[in-house]
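Next come two complexes, and both contain chain A; in the first it sits with chain B, in the second with chain C.
Then we have the complex of A and B:
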């Protein structure tokens, strides 16, 4: 503690206190309270009718039910993981690759950039609709070009992949923009030095630029994970997350929202999702903390 | 497969699923899809409505402002209700209609009823009404029923929970097997009376290059209709009602027989049904590419008014077991309920009494020819051929069921039966496993 802290005026202290307190209260009230409420509800059988006091504690039976007696649950979990893997292995690298290409000041770069970024400004619900025009069994472009009769959104063998392609369309643009911003910030002299040392383009990228971009890489990774865990709108628009498109988020919604009102049961699934997300959040926080210690 | 003729039809096929099989809902749902914002807006509306109610004491005279929550968000039914309200014509009561997107209304019903619901609002008969009545979320209107005329006992029963009436029936429509007489005349088909004749006819249609039974279950609920028909024919009305109430086992031999019979019929159903909406399937019938369609009369909405609609007829789902017969039919009833604590009870009851009259019913059945009046006093002179036939059909039904998702708990219907029936359509082989799974889930749901 140095003398600087002590020189803070009364007004400064009020401002600092407010700046800390208000966001803390907002986070507590809008994030932690509902999250903990969900966890608490998951141990009850509340059906959304009447006062909360009418809810009875049922221990872990909602969780047992979800795991052993709810056929859509395991497929949903699997679909979430496939979603994550597809975005991570395919969509994110493509986005990064496009960013590297666009960073090379090729002709019409602004045009490509805006074209690729365009899907990002569309809502996923709208994207589902746009892709329906391509996927439609009878009017769709894909079937017309290929001469096939595949029901891309309706056939449970294909619809998950069809949805992932549609979501990747947006995801690629998002990652591209993030990564492009990162690339622009990389000191050009690093590349120059690498090329003077005789490194090829590829070597320069993988051995110099990529390691330097570590903070951006972590953000890209986190964004990918978050996008795949919260995947919801697109499949909800397609068929409310049924018939091959089950995701945890859609099952939670189907049980909690609407007439069903299986609040306790749905909350159990929401809690499971919370736990899965927490794992990734924990990894992220660990990395960031280590990062800041190193620097 | 169908090819929608207009942009509106094309858009209609992309709409989100709905349990709303009511005759008025189709375009309403479409509107809901077209604007995500509209959906949000409607939610806000839902929260906001009910605030404008009058301050009359519950037992006071029937004056002041009355709020009416309507799920008729489409232009045509909205206009119908506007006319209905106008024809009410009580100068002392100002009816304020709050129209909410049809789907949203249904999804939000639990919150709606626990918030500040409108004095009078639209809803469905059967278990779906009784469920809320038992939770004390809707008002007892038995005194209104004392002056209601022209309602059959079956319809009164469907409006009753624990000996009290909570529901005013308005319109109804039958589920049956629909077909186009012109196609049948040309091919020389006749309506089958038994399941074997039904299968023989379907086989013949297949040979004639027709899709025997148009079918769609993207939205999850239409397949429930086929299940209901088969269960009513195979196990009878009483079993069906008990099954829906959780009093019979889903893994019983009776239910397995239903699925076994359905499995025998599945090869005659339109393929790829899980990606198709009922509107598209109805168009297959409309375009004379399919021979039959097991659906509610609302499928007539996919037909143009006039000659096109006149070329639509139905026959009862054929007999499967001669001991059971074909007496039980399915005809969901749409109508109105009153809030548990209405702001203006006297006016609400007066308005409900009016809604039960033939005068109010006539306005709707005239505008939407895919429904018929619930009461027997309504004017049927202006009915189409199909409406007249539906009146006879419903009047002669020995027992009337509502619909799977109206006859059972909403949580069971939406979270268990929709995935289960879709699973069956996908892989109809493991009936034992499927019925066991349904029963295990039912056990956990019907306890609360």
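Then we have the complex of A and C:
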């Protein structure tokens, strides 16, 4: 890349500055500053009603309160972890497995692929609806077929799992697409070499293809973590995240827009979310930027 | 849902030949049976919604849902009227189109400078943009909410006098969240444009903006088409910000209005099915008509454009 800012005319310099400054200000002003604001507010006792100057620093007491004094917090964290584990242990491997199957030369592969990723274009809010038609206690198909009377979305024993099944419906297709793109890019001669050496298909995949795909494996891992941390829409549509469906994201939202708006308290939970996700965002950005610079 | 997929190996000629299938025929058949079964399972929830959306409520309550018959189109008419779909589709349109156009324009500007000029903060800026769209939106809610409430907006644009409860606010936050992914994809693509093109343009005295507008952008049609498809889908599907920033239901786009639909339709699942099908129509059109762009958008990083 040639081209230096120094050798430009005055007008060009103004244009280039604007082209960088406007998008950067949008992202800094609407994402990064609010993120810092959340962290700052989590150390105050601001009630959201008085002026911001009336807020006092309270150290870590919001965090202590969240951990010791707020019954829904630990269940919510547990639900997030279950959500993550289910996506990671079940849905993600299914998506990978289907990608491996569909990557071979088989007939109708485009049809199978389309069927699997159709849910990817739907919003999670809408997915919540579509599955309600199967889950409903009185009019749902599942109960009609099984002859049961379970309220799959309402019963706290089942509703988390019902939501996870619905979300997996989308997640599997998404992972399948990502992985398929990764597989298509694997050098074909690698596999041929493996098969000439007498490796079975399974051996070739696990010992040759899978290790080569390390970057995409990392991406898939990070996508799974981030998606489960951001799980919100589906649960909010079902019952606004109550009664067995509490997630950190819904608790944050409920504490801010609900009747009792506890700003510092909600911010403490939001900060916990930010900290966890930024670890994975950092991994993701490092891998992606490094990959894009190598080529 | 915005991610980039890098390739695992840089050199990737399309696989010319796969090893001949030496496996016995029966296992091939098993593969097809398995894949067909999975595909049918995957399509079933949508097919079920479609099927019941055309059925009369009185018929299904009498015969149960596991029956055939009672076909009607009335659910669509009723759902459209009772759910105010005209209004909500219009709201979705008013939010999605400006958000996508502005996102793509700003992202192209940023990507152009990142790809074309080297200065000290290139990588840092890319990192700032890329990571921004992966942060959990809920974690930014309090400051955004307060910020929007404090920003005055002229009366003719907003009855509340602030950015809160306006489409403008929802458009702005969507732009901020989508920029990172688009900047990354576009700058990767722009890096593949040979610099010689710019050299001759510079000799001819073309300004930087003309180089951008008349040289770079026309060459970037493929990634712009893919990103536009993807962005329309994502902004249309966006639920959280529209739900919390717009307080009056008549401003909700389709995706957020679903929630109130549920309350109104909860006894009549055929009506609910029809409403769901109506709400998914725009993305289904994208799925069937622009599938190529959608997939290439999702996996753009993989092929480097």
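Going forward, the second predicted complex is superposed on the first by the 247 of 295 C-alpha atoms of A that agree within 3 Å, B and C clash if a C-alpha of one lies under 4 Å from a C-alpha of the other, contacts with A are read in each partner's own complex, and residues count from 1 in each chain.
The rule is short, and it goes like this: a contact is a pair of C-beta atoms (placed from the backbone, for glycine too) under 8 Å apart; a residue touches a chain by one contact, two chains touch by 3 or more.
As the structure is a computational prediction, the values presented were derived from the model and not from experiment.
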**Message:** Just to be sure I read the superposition right, which of the two partners does A:49 touch: chain B = first, chain C = second, or both, or neither?
**Reply:** first
**Message:** In the overlaid three-chain picture, which partner chain does A:125 touch, first (chain B) or second (chain C), both, or neither?
**Reply:** both
**Asked** Among the partners chain B and chain C, which is in contact with a greater number of residues of chain A?
**Response** C
**Prompt:** So, A:257: does it touch chain B (first), chain C (second), both, or neither?
**Reply:** both
**Message:** For A:281 in the superposed arrangement: first (chain B), second (chain C), both or neither?
**Reply:** second
**Asked** In the superposed arrangement, does A:267 touch chain B (first), chain C (second), both or neither?
**Response** second
**Message:** Output check: A:243 vs chain B and chain C. Expected answer is one of first, second, both, neither. What do you get?
**Reply:** first
**Message:** For A:151 in the superposed arrangement: first (chain B), second (chain C), both or neither?
**Reply:** first
**Asked** Should A:139 be classified as contacting the first partner (chain B), the second (chain C), both, or neither?
**Response** both
**Fill in**
Residue overlap on chain A between the chain B interface and the chain C interface 48, 123, 125-126, 129, 132, 139, 236-237, 257
**Message:** Please output the residues of chain A touching chain C within their complex, sorted ascending.
**Reply:** 1-5, 8-9, 11-12, 15-16, 18-20, 22-24, 26-35, 37-38, 41, 48, 98, 101-102, 104-108, 111-112, 114-126, 129-134, 136, 139, 141, 144-145, 169, 173-174, 177-178, 180-182, 184-188, 190-192, 195, 212-216, 219, 223, 226-227, 229-230, 232-233, 236-237, 248-250, 252-253, 256-257, 263, 266-267, 270-271, 273-274, 277-278, 280-282, 284-285, 287-289, 291-292, 294-295
**Fill in**
chain C residues touching chain A in their complex are 1, 3-19, 21, 31-32, 34-36, 38-40, 42-43, 45-46, 48-49, 52, 60, 64-66, 106-107, 109-110, 112-113, 115-119, 123, 125-147, 172-173, 175-177, 179-180, 183-184, 188, 191, 195, 198-199, 207-209, 212, 233, 236-240, 243-244, 255-256, 258-259, 262, 269, 272-273, 275-276, 279-280, 283-284, 286-287, 291, 294-295, 298-299, 301-304
**Request:** Under the touch definition given earlier, write down the residues of chain B that touch chain A in their complex.
**Result:** 1-4, 10, 14, 16-17, 19, 36, 106-107, 109-111, 114, 135, 137, 218, 220, 272, 274-276, 410-411, 414-415, 418-420, 422-423, 426, 437, 440-441, 444-445, 448
**Item:** chain B-touching residues of chain A, taken from the complex the two chains share
**Value:** 45, 47-50, 61, 65, 69-72, 123, 125-126, 129, 132, 137-139, 151, 153-156, 159, 236-237, 239-240, 242-243, 254-255, 257-262, 265
